[in-house]
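Consider the two complexes below, in which chain A is the common component and chain B and chain C are the respective partners.
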Partner chain A sequence: MSRLRYQLLEHRGTLLAAAVFAALFLVYISNYATGLNAAVATTVANKGVLLAIVAMAQTLPILTAGLDLSVGMVFVLANCLASELVVGGPLQTAFGIVVVLGAGLACGLLNGLIIVYGRLQPIITTLATGAIYYGLALWLRPVPGGDINSDLADAVTGQLPGGIPAMLAVLMAVVLLVWVPFRNSVTGRAALAIGSSETAAYMSGIPIARVKIVTYALSGLLAAIAGLLLTFVTYSGEASSSIGGTYTLNSIAAVVIGGTSLMGGYGSAIGSIFGAFALRTIGDLLFVLDLDPLWQPLFQGMILLVAVSLSALRLLKIRNRLDLFS
Partner chain B sequence: MLQADQISKSFGPVKVLDGISIALEPGRVHAVIGENGAGKSTLMRILSGYLEPSGGGLLWEGAPIRFASAFEAERHGVVLIHQEILLADDLSVAQNLFLGREIRRGLMVDDAAMDRRTRDVLAELGTAIPADSEVRRLSLADRQFVQIARALLVPNKVVIFDEPTAVLTPVETEKLFVVIRRLREVGVAVLYVSHRLPEVKAISDTVTVLRDGRHVTTAPTSDLDPIDMARLMVGRDMAKLYPARSAGGGAVVLAAEGISVPGYVEDASFKLRRGEILGFGGLVGAGRTELFEGIVGLRPSRGGLELHGKPVHFTDVRASMKAGITYLSEDRKGKGLLLDEELRENLTLAALDRFARGGVMDVPAEEEALDGAISRFDIRVGRRNLLARQLSGGNQQKLFLAKMMLLEPRIVIIDEPTRGVDIGTKQQIYSFLANLAAQGVAVVVISSEMQELIGLCHRILVMRGGRIAGEVSGDEMTEDEIVFLATGVHEIGVETAVEAARPA
Partner chain C sequence: MMRAGALAPVSFGSCSAILGARFMQAVSGPVLETIGVSKRFGGVQALSNVDFACRSGRIHALLGENGAGKSTLIKIIAGVVQRDAGRMLLGGEEVVFATPREASAAGIGCIFQELSLMPHLSVADNICITDPPRRWGFIDGRAQRHIAADALARAGAEDINPSAPVSSLPLSRRQMVEIAKSLARDPKLLILDEATSALTAADVTRVFKVLKRLREEGLAIIYISHRMSEIAELADDCSVFRNGQHVATFPAGTKSNTEVVEMMIGREYSHAFPPKPKRDLRGVQPALETRGLSWESALRDVSIAVRPGEILGLGGLDGQGQMEMLLALFGALSGVGGETLVEGRPVTLASPQSAKACGIGIALIPEDRKTDGLMLPMSVRDNLTFAALDSISTAGIVSSRAENAAVADMVKLLGIRMGAADDAVGTLSGGNQQKVVIAKWLLNKPGIILLNDPTRGIDVATKQELYQLLRRLADEGAAIILYSTDYYELIGCCDRVAVFYDGQIVRLLEGDQITERALIASALNISTADQGDVLLGEASL
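So, the complex of A and B:
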């Protein structure tokens, strides 16, 4: 087998998600009144990047065969915190950002500590801690409001020279500063090993506890980055449980569309990013196709099912049914 | 009864079976032997409807027949007894036996009737497994019997056994042989696939040897000795399966004094010396594995342990690995390898830090290590980006060995080193372990194969019921002596089992 073909196979999940996104986006843009221009691209990016980063946050625990149901709530908590703290002069703004990101890291760290030392199932742990984080957000901001450093917000949600959405540059930076180092690190390899077989990883001397805690902490950090960006988009904070819930569930869908195995051990955050953009485009598609809003959830669900099935195509090729279960 | 006529099977470009013909006759036990990858399991799967042949066909009582599925084969009375234990752990024995074919009364399942029937079937098999016990609570051997009972529940004319004795002790093997002989008496055609040639000699009427997907020979069992069979399987002389023993017996590197692993091992003491291969024998469940799991820190243990003369106590396997002790589990698929990751990821997993620069993985260095491992351990792969799952059992074991040897251990504990491994690979593993000992590493081999312990080890400790029952070395290393220590008595059944397990 040629090197190229092998590379393609290795990244098939990511490539498929990219193709799904490209196809959906093409349909979307060709039905959009003005076609593609810098303003449209910026709007798409501003909406898409938020879910993309939450989906990255979700990817990390899933790679270890875990799950983080609290990402949406950390996202909302960070949004509320930012609407309180990321204001005023440059120094105060910078301090606010550090606190917001630190809070996200702390939330993730707590998840990891409980899962590892409390020996609880990730799904239940993060369901519970998610409710706590949402409670904190609600306490911080009982009614929507607050403010944000508007210069910074305008810069982040605007365009770079050449009409490139600044938000895409932020996403790129997050990928380069968080995902790429993680993927290539000893910890990242160990996380994949844990997802593949926790027993074998343990017997190989992998420090399971440390790796899991780091993974969940990073997940919290990423969710908080997305929450901060949300504040730049909305200029305010809102403790909305529906936003938190929607982002959590959509992040899982994005991870699956991105080709990451829910069983752990295989996948990539890059796939999740394309998955998130694809998911976002589905929503916008129904808008430009001028569908009755009453039908939207139904169609959205159906397209989602098709997209997820596409990424599960390889399972259909497995002839030996026993291989499906193992 | 059932015949394979010029059967071929290809997976993509790989031809795994090439024109194989065999005939299963009523009231006869037909053994099929061959190295891993010789095509035994493919042939079995075709005969039992799990696979369709790409060339040739099956004949049922002389007439061509096609099995579209295992279900269809089962309807004709062809059942395959799998080597892997495929049971639902949380269900009872009776529930497992009738899983998918429950006895019903109206819409309800009739538990009482199934329990009764299960007790009858198990009694016929000569086992005392309680019908209402959860399968989870049973020993591996008992589970195997449940699986056999399940297969024999349907009316059968052809019964195919795939390595049925892999987890059985000699006594249990003898029980299984009684079952097989009974099947033969009532006119069932039995196909028996096994690595254990003395067993093949003891139980079969006819032997077919496969090599590289081709038919080598079919002969009456009485015409072949196990050593002939081995030679036919490998295609070369197997006289020297076991390497020459090195001097052994250097300084004591590990001294265990009164080690207890609660629930499994009581008061075990032994000394392990530099450059020796120390065998641990005994029945499955005697506590051999648990003793060493306790020593390396995988289980809580008590007692005195001295490593190079210094007292140590490991509560974490990472600590013992760091101290130079490497334990290779018998469960290489579950505890040894990441089946869904590639060779490279598997190879370096135990020594990740050695392949990292400032916390970042050094992939070229890993690739280089993989090159080294492939040539040093003769891991036979068509391409390097295979998943561990795609390797044969023998290659998996070599990969597992290569992985753990990257730790450069001074003490190697290897549990069932050749389980599910073909005879050619066995020889390679034996000579590797002997070399390791010759270089001064202390090696512990835990094995249920007595021949292997006798052929390979300097000394053998035999465990029984969680205690060390005794030690044999030199001329005392005979199967009789090991079985005596393992069971404590010269029972009649045991003696028959020894007879059966010994080359004629």
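So, the complex of A and C:
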């Protein structure tokens, strides 16, 4: 087989997710009254990018066969912090951004440290730390409010010259500055190796503890970036547990639609981005098709089920039935 | 291979043209040396006081039966487990390896059976996993493919595409990737643990060429294999292990097969086995019979029959298909070829559930009681009755009176020592846990009982109780198939033993034929013949 075919095989999840999104988006936009213009694109981008970046955050632990239930809460915590700190002049704003992102990194780092050195299950660890992060957010901002550097917010949620949504440029930058280096670094490779077979990774001499910690820390950083962007969209902060919970669960759904295996070892954050946009478009689709929005969870659920079924097809090939459980 | 005279030992596997150079290397100090290394796992002394050395430019074969300590020794060398006592010298310097990573960095390459490949990653990713080529800090994919292609070529597997995901390759190709992966790190010492068992004959030839070339390049190689013909072809030195001890090291070809087998025998053993009844079972309809059973490459044309009242042993070295045989009979494998008959009627075993319900009932006592046999946090009572809930319930409701009676019966029958039936089964000792696993299946009153190495890791007293129990069950009419890695158990317990080698039954031993010598010789698929004068070098002829 040629190298091209192997590359196609490697990226089949991402390509499939991109195709699903393209199809949904095409239906959406052809039913939208004004068709595609800069304003519509910006609205879509502003809504989609937030979930896309949270889904990227979720992708990293899942690649190592873990899970991060705290991404949504880190997202909310960063939102509350930003509504407090990202104000005033350029210098103060920059400082605020650094603190917000640093806080996200710290949250992720704590997750990683507990999982690695406490030898606890990622799912329960992050459920607990997520509650703590939400508690902090609530303590910071008991009632919705706060402020944000509105010049910056307008710029980020507006359009670049040529009508390109600025939010998409931010997403691009996050991909290029976080995901691409991670994917091509030894650490990123090692994260995939751990997800593929932790025993084999250990036997190959991979520093498992360090790699996992870095992976969870980066996950926290990404969630905080999304939280910062949320502040730019809403111009305020809100410690909402329903936002946190929804984003966490939708991020997992987006990762799965994006073709990443929940068993670890296979997948890509790019796929998760398309997964997130596809998930968002389903909601919008019901709106333009004039269906009752009450149908939204049902349709999202069905799409998710189809996506998961596709990834279960490999089980049909298993010859030793005991392997089904391992 | 050279054919030697009937009695004179002969050297082989070495090429005289390079003998001089290799001799020079052999004179310098050993590449790796262990002095007084010991290791204990729980109650088992896996290695005691082992002195061992291997030299550059030589292939050193390790011989010994299951559990003799070979694997423990190489795991210690490779940093997988830590020694309890003793010293290890690498190139004359004392070393301690806390992880495989440290051993690998020090120049020790280890090839296990499929243990260190990550299936989702590409061949090139796998080969370069520890130290990929980098440009500006990022992995250089192109350089990595070149390195991988070079390493594959060195291993004689140019046909493997470095971009292919490992999961797309068949087992034998994966093993070649594993070998290439070790070579890519330029080891000083290369360890192969049964590395050829999954390879096709053509691959084995290629690997041997590679190993011989590496030997000329001055590598030290430790080679573990159960195939005597391979050892005869490759090895310069042989070391025999027995019962955790290093028995002897000798130049290859200086001992006959019989002498080697004698060295491997001789473990102290003092188990009392119940007497075997003398019964003529010929003509009795088998409770379970297979005809030409096959599955993937692990089982090839296996035909056996076991009659009520009989204990049939499955012998041979680890991993020759015995486990797959039991799983196939218990319906855990799909795509099994051949025919299975229960009491003379053909049956289809599509799942453990159908095996359990089929005819006179089949039960499998699994190998790993902690994962396959018990639900550790649940109570003894729940565990005991789990596989037999049908027999103690009416209309889907479990009768607690019937349950308590059944539990009390079993606790008494097997002498399970425990606090209360409500205690978590995980709090029991290993031997008592194993009794619970067996009791759980006995509640179903199965006519056919399959046991997968049931006495591994349990104490002597419990072992003896289990032997008594097996014989009693057989006397009551059960047909029993016992897979054991312990030769003494096969000798003491079984009426007949089918010895597996490479997925086939190579020998069926009966009655007085079941001796340790016969078991080891057939497990290695060599014939010690009656005169005991067949030479090691002729094993494959």
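Observations
In the analysis below, the second predicted complex is superposed on the first by the 301 of 326 C-alpha atoms of A that agree within 3 Å, B and C clash if a C-alpha of one lies under 4 Å from a C-alpha of the other, contacts with A are read in each partner's own complex, and residues count from 1 in each chain.
The rule is short, and it goes like this: a residue touches a chain if its C-beta (ideal position, glycine included) is under 8 Å from a C-beta of that chain, and two chains touch if they have at least 3 such contacts.
Quantities reported herein were computed from a predicted structural model and do not represent experimental measurements.
In the three-chain model built by superposing on chain A, chain B clashes with chain C. In the superposition on chain A, no contact is made by A:Gly283 with either chain B or chain C. After overlaying the two complexes on the shared chain, residue contacts for A:Gly158 are found with neither chain B nor chain C.
Ranking chain B and chain C by residues of chain A touched puts C first.
Residue contacts after overlaying the shared chain place A:Gly245 against neither chain B nor chain C. By the document's definition of touching, of the two partners only chain B reaches A:Thr187; chain C does not.
Judged by the touch definition given at the top, the superposed model places A:Gly102 against neither chain B nor chain C.
In the superposition on chain A, contact of A:Ala201 is made with both chain B and chain C.
Of 313-321, 421-429 or 457-465, the segment of chain C whose C-alpha atoms clash with chain B in the superposed model is 313-321. Note: residues 1, 6, 10, 181, 184-186, 189-190, 192-193, 196-197, 199-207, 265-266 of chain A belong to the chain B contact set and to the chain C contact set alike, using the contact criterion stated above. The touching residues of chain A, when paired with chain B in their complex, are 1, 6, 10, 181, 184-190, 192-193, 196-197, 199-207, 265-266, 326. Partner chain A is touched in their complex by these residues of chain B: 298, 317-318, 321-322, 327, 329, 334-341, 345, 349-350, 352-353, 356, 359-361, 383, 385, 389, 403.
Every residue of chain C that touches chain A in the complex is listed here, in rising order: 80, 99-105, 110, 112, 115-122, 125, 129-130, 132, 134, 137-139, 161, 163-165, 168, 181, 295-296, 327, 331-335, 351, 372.
Only residues 1, 3, 6-7, 9-10, 181, 184-186, 189-190, 192-193, 195-197, 199-207, 261, 265-266, 318-322 of chain A touch chain C when the two sit together in their complex.
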